[in-house]
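These are the structures in question, set out in turn.
Two complexes follow with chain A in common, the first pairing it with chain B and the second with chain C.
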Partner chain A sequence: MSLAAEAFMSQMAAAEPWPENATLYQPLKEDQILLSDCASSLAVQAYLRMCGLPVQVFCRANAEYMSPSGKIPFIHVGNQVVSELGPIVQFTKAKGHSLSDGLDDVQRAEMKAYMELVNNMLLTAELYIQWCDDSTATEISRPRYSSPYSWPLNKILAYQKQWEVRRKMNAIGWGGKTLEQVYEDVSQCCQALSQRLGTQSYFFNKQPTELDALVFGHLFTILTTRLTSTELAERVKSYSNLLSFCRRIEQTYFEDKSS
Partner chain B sequence: MGCGGKELLVSLEVSNSWWAGFEGSAVMALVYLRQEDLTMTSGGTKMAYAQFAGAPLKLRKISNPWRSPSGSLPALRTNQKETLSRPSDIIIHLRKQKFNADYDLSAKEGADSLAFISLMEEKLMPALIYTFWIEPKNYVDVTRRWHAEHMPFPLNFFLPGRMQRQQLEKLRLLRGDERLEAGEELEKELYRDAAECMNLLSQRLGSHKFFFGDSPSSLDAYVFGHLAPILKCKLPNGKLQQHLKSLDNLTNFCTNILQLYFPKDGRESFSQKTSAHSEGGDFDHVPNKRRKQFLSALVALGAMLSYALLTGMVSIQHAHHEALEEPPDLQDIGSHHDHEDEGDG
Partner chain C sequence: MGTVHAKSLDPLPMHGRDLDVHPEDFMETPDQGQDSKQEILENKDVVVQHVNIQGLGRTKEDLLGYEISDVFHAKNLIDVMKRAHVARQRLLRLGIFKDVEVLIDTSEGTDALPNGLDVTFEVTEVKRLTGSYNTMVGNNEGSMSCLFDRGVFVTLCNVSQVLGLKLPNMLGRAEKLTFQFSYGTKETSYGLSFFKPQPGHFERNLTLNMYKVTGQFPWSSLKETDRGVSAELNFPLGVTNHTLKWEGVWRELGCLARSASFAVREESGHSLKSALSHTVSVDSRNSAIFPSRGALLRINQELAGYTGGDASFLKEDFELQLNRRLFWDSVLSASLWGGMLYPIGGQASCIADRFYLGGPTSVRGFGMYSIGPQSEGDYLGGEAYWAGGLHLYTPLPFRPGKGGFGDLFRTHFFLNAGNLCNLSYGDGPRAHLQKLAECIRWSYGAGIVLRLGNIARLELNYCVPMGVQSGDRICDGVQFGAGIRFL
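Up next is the complex of A and B:
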């Protein structure tokens, strides 16, 4: 988002309190949504619950196209539409709700760094596994992504998305990686998160922050999504403090949803 | 204290004069750790023997990226004949070979390293790409000129342009916006992210000498590799440099590492840069410029003359010639008549 638009949005946001009818949009849960989108959406939902802000989740087949930046999820609050966790955090901050106010400068730097770590490694690994691994792409990603559409649109859209993601992977240097190397990177990332978490209940102090929401979103989705192989989930499961972290957040904030 | 007894493990190729090989400097920064001996031999290809955390490393500087094993620089060729290009891959490989500068780090510090490296890749790297390759003034004055000068003849015409297109493509994919173009708006956004990243690094560094303790680690190498080009290169549009200079502890961090580990290179290339600039300004290469001017004037003159002759605007007086050859006494009157005829024609 451009600077001028952001400043304008902050001003508008600060004007009104959080309404009751805020909605969050994501693709269809049963048939369409993919691992990476589900993780991002869950992260935002966790963050909003942590802030105590009510939001309704709507599933729409064209959620990706409705989103202002093309990314899932996005929230519709009052007369504004904001997508992705970063801008949503700033938006809620403008409304006066923030989870990271109690952190000092060094901690805030670390929090931002770890959020980038998750985006850089976990999210990219998820995208890679979904779209660059042939078996997953053929069996899971392409059919799911294009399920709301009929032939020939479904073929076209699926291949277009796959091509786009592969180009991005090449640009950032992940194009030449093998699946094994990607799993290795996921392990490294989880190890870093596990070491940072240690024996604490949340990453910073006793209160959750947006980092906790983000990590929860990704790890929980990885653990509960069925892919062609269980390798990814196994890698995450080998870190027990991360498992208990996910369970704790699920019980605290999502108890009405847990089945 | 040198490379004598140890066997050669790997060969690392970076672009020539690694100061301006901006990608190369990120990896060259790795090379400084624990090095004890840096010798450079003159000759076609400069070779430097360096010890990286005790790792014997052969450094080859080449200017043509196509001669590198992976097609791009920097490239690390291991003794298993694998080729690695990304700095993080190179670090991981060296670590696996037990040359570990991060040995003394605690688990938490290791995790922090990884996190901050991700932060820099996400926030600082796009701004670096923009400032060296996309920003029009910087690209034309500094980057393209440098690459064109250091590449062999046919390549210097199209290779810099191709590299620029690749970098623009990369930036577009990183930002997820296909229609990205160089401009004020994009510049402000990227520089704002980069400034925030530098502020965060500065806050994390505090007043310490290195990021973790008293000896450098891979995070220090990475930070140095990204910040040093900003600090050292004189770019026309130097907003990033200004911001970096306002953060004292980062500036001191960079100059400290420079002095400690790159004493010869730092002085040599810095003086190269300053001397180039003192000669520079408007007159780049004086002898070449004169010769080019002379040649182009000659070519223009020749073109004009031949055009004039061909269209008949100017005709050469053949009569003069004949009159002079024949003896003037006998043919006096005849030649005069001839003259007049020719003159009218």
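Up next is the complex of A and C:
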């Protein structure tokens, strides 16, 4: 978003308090949603729970097309529609809720750097595995993505999405990577996160920040999603402090949901 | 034994209705003092021995046999001239000849009878490929609706270039292949159409279409891209004309602006509609644009969902128009439209299937399609509607340009009314009728109408809207409208 648009939105957002009927939209949970979208959606849900902001989750088959930026998830708060974690964090900040106020400038820069790492490594790896690996694409991604639609639209949309993601992978240089290399990248990313986390409860001090929400969203989804091979989950499991981190956040913030 | 040369006539219009033409109107009057000869001509028996067609290139002869076979049954000379004229009309309506001339001569040759005649049609075929390039400036109905009978879509302040390519008489039996490409500031559309009539029965024909049409609907903050194929069968049955059509469309809906209401945002996405539709129409009017007598009844039904696709509904709509000439060349015209959309299978109806009301082509005095259910200024359409109009058309006062340009204009005084709403289908027909009868919007006014060719018209009206409900957008005062189908 441009600076002017951001400023305008902040002004609009600051005017009203967080309403009771805020909603979050994502694709259908049982049949349609894919790994990367589920991770992003869970990250936003975790963040909002950490802020103590109530939000109701709605599943729609056309959530991706409803979103103003084309990405999942998006929230509908009052009159406004905001999508993706970054803009949502800005939006809640304008309303006076923030998790990273207690950080100094160095820590904030570090947090942004780690969030970029997760987005560039983990999210891209998830997209690669979903759409560029033939067996996963054929068995899982294409059937799930196109499940709400009838023939021949389901085939058209699934292949269109696959070509789009593959084009994007080629553009950022991941087109030539093999699956093994991608798993290696995931391991390296997890190692960096694990080192930063160490023995702490959260990444910064004793309070969670948006980085915690983002990491939780991705790692928890990887651990609990069934793919064609368990390689990805195994790589994450090999870092025990990340495992306990996920479990801790799940128990603290999602207890009522999972029980 | 002279030759009788039937005068070649100006080509008759291929589309749209016009005043009835009778062969007697065009017969050459015999020279003075030849009355006795005329009697002989009328009473003398003749036999048509040969009917030839000259000038054929790619047209197949078996196609033309049906059109000219009637000439053989003529009994006397006047009859021959009448039937030859009718055959000439039939040949011209195929759309494959630029010009047809009729030559009637006594027959010659070894097998010639003393009262035998030869009739020859000299035809000029149209070119194999014709092209057209037009610039269309922002009007209220898209160019595509003329060609493919699509629903109305609006482009405001849009200039688009339209390139058309036509291959008439492609395979020799009056088939036609048309390609149209429209490129504009806000939309790009193209379509391919193949038309094949049944030899001998031109009114029974098959049309296959393939198209991609993009439209923008600012009144709903919606943009729609349709990619589809359709197959259409037309045939007459007695006085009625029937059309059976199957259409498969991939519809993509999106928000036109970031500020679109959430109700419209919820409709974004892709859907597939596979629908069978049937239209029956009876048209006894003497003209499509300014009829002075006759009536039109058109009933259309569409069933979607039983041949595949996501959309599932039953849609009915009808159009009725009655015309009657009154004193002093003025015409009273009454019209009634109505429709209902019934979603099947419990899912909600889609914004692209619903009906819209209001604007210079329906209830005048209101903004374009700006009547009925709306959310934050975006009009969502309704599942049932009715609209009625009463018009009095008179020629321009003092009749300037009579007989020429002035005949294209009319003044009209109108009274329009209508209503649009959503129905909850559990309630039953009585509750529905009640709902449609309350909160009627209506308007009255006067204006000038200009006829464009045989298909479209322009209107400039002064309107006074009444019965305005909260949420409707009105356009009181001067309103301009251009289009094909007016209430």
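A few points about this structure:
The rule is simple: the second predicted complex is superposed on the first by the 258 of 259 C-alpha atoms of A that agree within 3 Å, B and C clash if a C-alpha of one lies under 4 Å from a C-alpha of the other, contacts with A are read in each partner's own complex, and residues count from 1 in each chain.
Here is the rule we use: a residue touches a chain if its C-beta (ideal position, glycine included) is under 8 Å from a C-beta of that chain, and two chains touch if they have at least 3 such contacts.
Predicted model only: the values in this text are computed from it and were never measured.
Bringing the complexes onto one copy of chain A puts chain B beside chain C with no clash.
Of the two partner chains placed by the overlay, only chain B lies in contact with A:L3; chain C stays clear of it.
By the touch criterion stated above, A:A109 is placed in contact with chain B alone, chain C being left untouched. Touching more residues of chain A than its counterpart among chain B and chain C is B.
In the superposition on chain A, A:A15 makes contact with neither chain B nor chain C.
Closest contact between chain B and chain C, by C-alpha atoms in the overlaid model: 14 Å.
Taken together, the two structures place no residue of chain A in contact with chain B in one case and with chain C in the other. In the complex of the two chains, the chain C residues touching chain A come out as 250, 254-255, 258, 262, 265-266, 268-272, 308-310. By the touch criterion given at the top, residues 60-62, 64-66, 68, 76, 81, 148-153, 156-157 of chain A touch chain C in their complex.
Of all residues in chain A, those touching chain B in their complex are 2-3, 69-71, 105-106, 108-110, 112-114, 116-117, 119-121, 167-168, 171-173, 188-189, 191-193, 195-196, 198. The part of chain B that touches chain A in the complex is made up of residues 85-86, 107-108, 110-112, 114-116, 118-119, 121-123, 169-170, 173-174, 176, 185, 188-189, 192, 200-201, 203-204, 206.
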